[in-house]
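Order of writing sets the chain letters: A, B, C and D. Residues in each chain are counted from 1.
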Amino acid sequence: MRVAVLGARGKVGTTMCDAVRAADDLTLSAEVDAGDALSLLTGSDTEVVIDFTHPDVVMDNLKFLIDNGIHAVVGTTGFTDERLDTVRSWLADHPESAVLIAPNFAIGAVLSMHFAQKAAPYFESVEVIELHHPHKADAPSGTATRTARLIAEARKGLPPNPDATSTGLDGARGADVDGVPVHSIRLTGLVAHQEVLFGTLGETLTIRHDSLDRTSFVPGVLLAVRQIANRPGLTIGIEPLLDL
Amino acid sequence: MRVAVLGARGKVGTTMCDAVRAADDLTLSAEVDAGDALSLLTGSDTEVVIDFTHPDVVMDNLKFLIDNGIHAVVGTTGFTDERLDTVRSWLADHPESAVLIAPNFAIGAVLSMHFAQKAAPYFESVEVIELHHPHKADAPSGTATRTARLIAEARKGLPPNPDATSTGLDGARGADVDGVPVHSIRLTGLVAHQEVLFGTLGETLTIRHDSLDRTSFVPGVLLAVRQIANRPGLTIGIEPLLDL
Amino acid sequence: MRVAVLGARGKVGTTMCDAVRAADDLTLSAEVDAGDALSLLTGSDTEVVIDFTHPDVVMDNLKFLIDNGIHAVVGTTGFTDERLDTVRSWLADHPESAVLIAPNFAIGAVLSMHFAQKAAPYFESVEVIELHHPHKADAPSGTATRTARLIAEARKGLPPNPDATSTGLDGARGADVDGVPVHSIRLTGLVAHQEVLFGTLGETLTIRHDSLDRTSFVPGVLLAVRQIANRPGLTIGIEPLLDL
Amino acid sequence: MRVAVLGARGKVGTTMCDAVRAADDLTLSAEVDAGDALSLLTGSDTEVVIDFTHPDVVMDNLKFLIDNGIHAVVGTTGFTDERLDTVRSWLADHPESAVLIAPNFAIGAVLSMHFAQKAAPYFESVEVIELHHPHKADAPSGTATRTARLIAEARKGLPPNPDATSTGLDGARGADVDGVPVHSIRLTGLVAHQEVLFGTLGETLTIRHDSLDRTSFVPGVLLAVRQIANRPGLTIGIEPLLDL
């Protein structure tokens, strides 16, 4: 399969070029970045493009790719509902084209969110702990907030977490995200980690995800590249590619 | 719902009697143990029986229950394929009766095995660590062996765990169960714990189950009691009751 | 060594009687509870008494024991500075008597607090996570608060934890105990657990203590019983008995 | 303090140059590598040298440094007892010079080994789990073997780990290092991690060290640089610099 990278000279793009080169079943057909003509893609018989560029240019990229029947695996951010609708309308005119847009390609992160949702209805208690390096600006992390919301939705109608806390210090019991306590740890030396803890009578279940390195998106992008030809139209996230 | 316990004076049976009494939607209709007549069950309008008895008597119990249209949730051990076939043939004559037989009612254990299977194809590496009190006779535990086998099956056709170990001590890399390394820890103070570790480029996923107390079977038994009327015929394990 | 238990019919006392009986080098000389005469202790040639009674009676017990040259290992609570001074004054008159009073006999808990203090000056970041059953009234736990204070003291003069959090939810970053963030998890199925996380450039150190069972005080009490004869006067806590 | 780096263009050396530059209280006085004259060190009024070079040249470096009254913090490997004796004899002639040679500068690793030794006599059971990337050639790791040996020594005279294992698979119970079971996990995505698990009645203590990044040696080297002037003669390891 002939695969090109858009945003090839960025940090993520460079890593993706290396990963495509290293894969036996893939050929790196073009490396394209700002200033290069998109015609490099058609000229190189590219079948799939990996796009890690910028919200300012990604829509133009997608228009070109869809028009030319090149499939796109997109990690660029900034997709509003309106943008997604535009992509869908372009794809309606080119039913052979396929686009996959994912906010997170780390398979472990996606699986741990999925498992947390599935487990949620069967436990009395659930809490989320997320642990990151101390340079992070938001607490809780976006992933932890999303995880807590998915869990809360899966527990709709069930009693809240039992909690007899009557005296204590502000903040000890964490932030409340739709009824799920979320705790944020910031520690030099850490990268990005998350634990979902479930408890019921006599047993607990813990689902932990550790991102130890910025390359954790690679296997998810390659999975999408290999499957996208079989998924015409728009796919959101890599979860639909997994057999869950 | 009127629920009776067979084996009511055993350790597990006593716990189950307490649990039924404590549940708002269930009534404890009878407590039956060795020496008591099974007619106590029919006489008390019992709808569901929880059976934690003994391999020697469980088949007679099931015959009686199926014949009398009483559903059975069974934690008693010793069910061979032959025994299961016999139960199925009895149920064929009483299509309104339902029997659920499970080797493990701990929801956390069942979920962690299920999640491990689902995650298995998406990671390069997987290992299992099980940790128990030091009075345990077998290593690895039965649950760890079963978990490793399910993982191995889910990875059929994929490359083996990468492992560059060239020098070392016997046993360091654990026991090999169908290609999955399994490590057994025995420590005073522990109860029953298991960790499945998955790894791929830059990230790991850990699924950990802790059984801290012998009551961990209770929520799974109650789940089965509440759903069994909707599942005529024979059900094996509680996994089919979970929305996974 | 002849050892008696005061408060012998309470939950803890019963466990201690069993533990003394099970120890090859100890003899259970008397089991004394409310209503029994303290002369049972002198009459039975008791050398060491284990006192798990009540703040209302423990001072009378200690007076009797000190006067009679019987050593005391005390887990009863309620010792104010004033009470400790009184015990010291009684011991001044009986320099051969020994009393050890400890708020916590769990060796693992004591060690983990000690190690946390020792490690504290060498890491940029430190946070405490404590995890308990949901029936607990206070958050953070007393042990977590004490641990955080000891850590804060050991880091006096060092820069605070780095933390770039600028947006977030109330409580996400935990409770602030003298500059150390403390997070309290409440989960059905848990008993009593605590993790101290330290981080510096490229590495983290985690000290975790799990209390899985109410018997965790036993080894510490037996350690104190065996060593008390060598420690005349008043000893506070079991830390001085450990070779640290 | 004026600090130079020997081996300044190697991977570790480059990191150390950056670290010295970033430290407010240190000045990078010289960057020296193969081909450069050692007189760059004396010419730049260097007070302390950090040596991450090669066993072939480190002895010549040390001779020069000791002769010139420059203190040395050495991470280069290959120090036999004979070499250490030679260094000691050189220092005997220059009592004002100080040399610190350490096999491991990661403070977390050193602390966790120290704590494991201290805790060892107080628990019935102890096991070591080490977890590394799958490119590692040896299992168990050198650190795990050393940790297990130190633990075994600290438990000399105590009963062995209780273990009722009577049936099982080869390797399940790990490698035996002086009576301490050691388990080696190899997982894509991991870096270098180690857990020491202690257990006694009703409680466990876990000391975990995670090396997430190759920079973990930096804080230990800087600690040694800042203290070495107060420690004339030869110091082995950074443990003596820590207040433990």
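By our rule, a contact is a pair of C-beta atoms (placed from the backbone, for glycine too) under 8 Å apart; a residue touches a chain by one contact, two chains touch by 3 or more.
As the structure is a prediction and not an experimental result, all values here were calculated from the model.
Q: Report the chain pair from A-C, C-D or B-C that duplicates the B-D interface, where duplication means over half of the contact pairs agree by residue number.
A: A-C
Q: A-D versus A-B: which has more C-beta pairs touching?
A: Answer by contact count: A-B.
Q: Just give me the whole-number Å value for how far the CA centre of subunit A lies from that of subunit C.
A: Computed from C-alpha means, the inter-chain centre distance equals 46 Å.
Q: Centroid of subunit A to centroid of subunit D, CA atoms only: how many Å?
A: Between these chains, centre-to-centre, one finds 38 Å.
Q: So what's the Cα centroid distance for subunit A and subunit B, whole Å?
A: Each chain reduced to its C-alpha mean, subunit A and subunit B end up 34 Å apart.
Q: Please set out, as single numbers or ranges, the residues of subunit D touching at least two other chains.
A: Within subunit D, residues 123, 189-190, 198, 200-204, 210, 212-213, 216 contact more than one other chain.
Q: In graph terms, with chains as vertices and touches as edges, which category applies: line, ring, star, complete, or other?
A: Basically all the chains touch each other, so complete.
Q: Under the touch definition given earlier, write down the residues of subunit D that touch subunit B in their complex.
A: Subunit D reaches subunit B through residues 123-127, 129, 131, 134-140, 161-177, 181-190, 197-204.
Q: Any idea which subunit B residues touch subunit C in the complex?
A: 189-191, 210, 212-213, 216
Q: Which residues of subunit C touch subunit D once you look at their complex with the stated criterion?
A: Answer in residue numbers: 106-109, 111-112, 115, 118-119, 121-123, 198, 200-219, 223, 242-244.
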